[in-house]
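Take a look at these structures.
Both complexes below contain chain A, partnered by chain B and then by chain C.
So, the complex of A and B:
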């Protein structure tokens, strides 16, 4: 590894730049979440990295228990939007993963040709706006507008292609012989799938589910169009955090943003060991 | 403990015919090796016996029962895969116990048999270990144990030793033979390694290009190959095959090998058959082990190209291009590269093949 000095400087420069672009806004948000209004509003002229007088007031504010002088009336707290986001993203992920895994297994093992798999990815070639108006009309017809289950359903449909394609790749990579070995012992197809295939696919399921969950969790556009009041999600609620007096409520937004980052981070840590692929296939001579 | 009968078996994959035709009787309790180069149809045949593939034509019977349409799990076969197909999310014990568990065997019985099998295959120290991190050699034994534990009437092994190292392969060859003697299953063993087939099998079915070439005991296929393919494929090194022309001499029928000279007279029996067949252009075949030094002026005079010492024996390569000959001698043989040596074939060990068809000229 004898790289030249200019190259090393370039390399570390590029790494620092990439880190700065991703980390500085995140850190700025984390810092802002703990700043009192004077420090994050336009009125507070001196912006500092570290909160001078750290406070949990922004968190209290979005949950409606603020006692400070932040004189803005919130018509609702962050509690319900957090619940809405959790319910719609979790159930949307369940729908996408269940249907995607079943479809991927079927097409990987018994399918022929590429037409059906490619047709599924076509769902993602549309600009979302092109289909959202018809979807709104349908959802209104079925009474699904402004419900978490209506949102979960559309999330499941929209992220299905991702779940399907990720799982299909994993199934394609899994040697057929492992299932044949269980079939020879007299297992039924269903039992092979439940007891052999799915357990061996745990890492694949976990990483695909995390990916799909993050997509659902961070959606703004669909929730904006399909929810109005009762079941708005975190991103939609966040956009509404502003007032005529102070403009954007950056402190409150930062606090909510920090809360919103928690579930994906927890999930990521929980399945960390699965995110490293290859354990499953280690025992097979490729 | 089941006889397998393959009748007029044909397998096509779309336009490709993997198995052109196959008729084979595998006897009850026999160790049959399906031997051939890759793509010869041996694995396809095996998969059809197991029920993983359905024949395009023909039928497979076990003890006379037609297996057509019988599900893979209901044929009573054990299958060991080339890549082991271990359930890596289970430990060694659960892998061994799997087949018994599926069959609803009582737990105490499972425990007893798993421990006995682990003992037999020297897997006892690893029973609690996760199977994902075992070495290839152990995985291979585990795969054999997992199939053998349910004592299937038919045991199918698809190149089980091709991934393990050479030393372990030698150990497993004896262990597999020992296993089969103990359980007395009918064993079908797919391999491209003629040494494995020769050492373990009761009979060998040699295949090439989707066609069964010859079935016989290891010595039969070794000593009397039915055609040039079998002659060349069996044996390491393979049989020497030299093009020549049959000619009459005052001592009887001989083969004129052109530049190499003229062979010793053929056996009376072989001569008689060759005369009946009216073939002139032949291939003269003989095993490298049957080459003996001849006195100067006798036998074939050929230059030594190079010498390959393999320990116990020494392989001497003669000639070049079309007229290449290998001979296996004792390791202290006094020959040197470059010198011309006189060699002959031991009486009774020369074989003749029809040069046009490749078929052996022999008594039928």
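So, the complex of A and C:
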């Protein structure tokens, strides 16, 4: 519509400002991850925006290799927390996607489980903090506290609403003629679902799974309540990365933060065109 | 991005299913089978835990008592948790702070997101790249965002450095350790992270506004504001409601970024409702009381939501 020159100047100015605000915090952390300890913090004029002598020491440090600058020894390295985050997020995604896809298909094609859409919205609505007491008691009862599989189970339940709603909108959009043709040729309903529908939905399944994975990978509160030592995830471990001897281990935390932040950002950009659908429970599509 | 098309439908009230005219028994059985796992998980996390929560909330039970939760009736306390809650000023203060954060952050995110979305409505050089970069904050793990802003707001950090350069003299405010500014820093982090979500949803809505109507209105001499009021806004109503509801709901739960930045402090200056419940759960370990708080919040939210849904349905039919 408006294409006048002043408008274009205003537009680029505003967008560049927004880009700067968007990127500076991220770049500050990325730059911090490669700074040697001497450049971590400095007041006033000495502030280093870009590492003067870039180093990989921070990454070596969190993986347990001793470095000349950081004499503190870690009582555990970042390896296991990264594994914990990966396992719980991957298996949580599997649980949510399996139950969500099957349920969405059942509702979309056969009208079963009419209560599910609203029940799942409600599940998403409530703050996790407000249902955690019974969950902590139940998880302790089943021996699921401080295990990656216990985390995976609660992640699967917490993200089930997204998996269900996303897959429901994808199934609703799918033309039924192909399924009907296979039915006419004598395939059973289950066979049609497994052999025809699911393979056709592969791109939708992949996008939904990535979306659910990002949500699981991003959790902090649930892991904080349900893990104590053995299987703490990256964010919980990160918070423990400070010692009374060194104070805040800025560089080490930034290195770990970078490791945690990169996968979801890449995945999120990859599934950009489905983000609106995912975030609005399928109410809006791009 | 030019091919964005919007389908307006309210998720909560939309058509829940489209049952075919005749589904034979086999289909019905398969449908039940397929929905069973989701049903079991919902039951497992909703019904039983809520009953347990109700039971425990009527007692003084704590995991330190050494008796199983099913024996909690021995510590029955005649609804004392609920009467305590009414007089618990720390709870009401936390609730007030949560509301304050919501009242500032959600409108700020909405206005910034809407402004950016309007700038992105038509094509210009670099649009795709800019669009992708704009979305980055909402994909950063919230706990990491918290840590990022924790670093930024240190007294020797980059925020103070930029301010020093702008005002031309040293500026060394310890943002996170003074009560007033800690809250400001927390809100800035929330706005940074979630403006992109508003931008994304509102842009999807704006692109769905019919172009021919807009062009016709322009030809008839309607000004930009007129077109916005008479064509864009009515089309966008549902989308705006969805975007605002999502942020209101998520913002109410605010915990990760805030807890990493300030831990609810200094003192209780940034203690929101989730942080307050977390502290009572982990530090004071009075789980009977926590269960009562949680139930009150759940019931209050349910009432608010059913009111909102029925009002929206009424508006839709009108």
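Note that the second predicted complex is superposed on the first by the 246 of 286 C-alpha atoms of A that agree within 3 Å, B and C clash if a C-alpha of one lies under 4 Å from a C-alpha of the other, contacts with A are read in each partner's own complex, and residues count from 1 in each chain.
Keep this in mind: contacts are C-beta pairs under 8 Å (C-beta built on N, C-alpha and C of every residue); 3 or more make two chains touch, one makes a residue touch a chain.
Not measured: the values here are computed from a predicted model.
Once chain A of one complex is fitted onto chain A of the other, the partner contacts of A:196 are limited to chain B, with no touch recorded for chain C. More residues of chain A lie in contact with C than with the other chain of the pair chain B and chain C.
Shared-chain residue A:126: touches chain C; no touch with chain B.
In the overlay built on the shared chain, the residue A:214 is in contact with chain C alone; chain B does not reach it. Shared-chain residue A:184: touches chain B; no touch with chain C.
Of the two partner chains placed around the shared chain by superposition, neither chain B nor chain C is touched by A:20.
In the superposition on chain A, A:157 contacts chain C only, with no contact to chain B. The contact surfaces that chain B and chain C form on chain A in the two complexes overlap at residues 188, 279-286. Residue ranges of chain C in contact with chain A, taken from their complex: 4-12, 14, 16-20, 23, 26-28, 30-35, 37-39, 41-42, 44-46, 48-50, 52-53, 56, 63, 69, 115-116, 119, 121-122, 124, 130, 132-145, 147-149, 151-152, 154-158, 161, 164, 170, 172, 192, 196-197, 200-201, 204-205, 214, 218, 224, 239, 242-243, 246, 249, 252-253, 255-256, 259-260, 273-274, 277-278, 281-282, 287, 290-291, 293-295, 297-298, 301-302, 305.
Those residues of chain A lying in contact with chain C across their complex are 1-3, 8, 11-12, 14-15, 18-19, 21-26, 28-29, 32, 41-44, 47, 49, 95, 98-100, 102-103, 105-114, 116-138, 156-157, 160, 164-165, 172, 188-190, 193, 214, 217-218, 220-221, 224-225, 234-235, 238-239, 250, 253-254, 257, 260-261, 264-265, 267-269, 272, 275-276, 279-286. Chain contact summary for the complex, chain A toward chain B: residues 175, 177-178, 180-188, 191, 196, 199-200, 202, 279-286. Within the complex formed with chain A, the residues of chain B that make contact are 50, 52, 72-74, 77-79, 81-89, 98-99, 102-103, 131-134, 136, 139, 143, 146-147, 150, 163.
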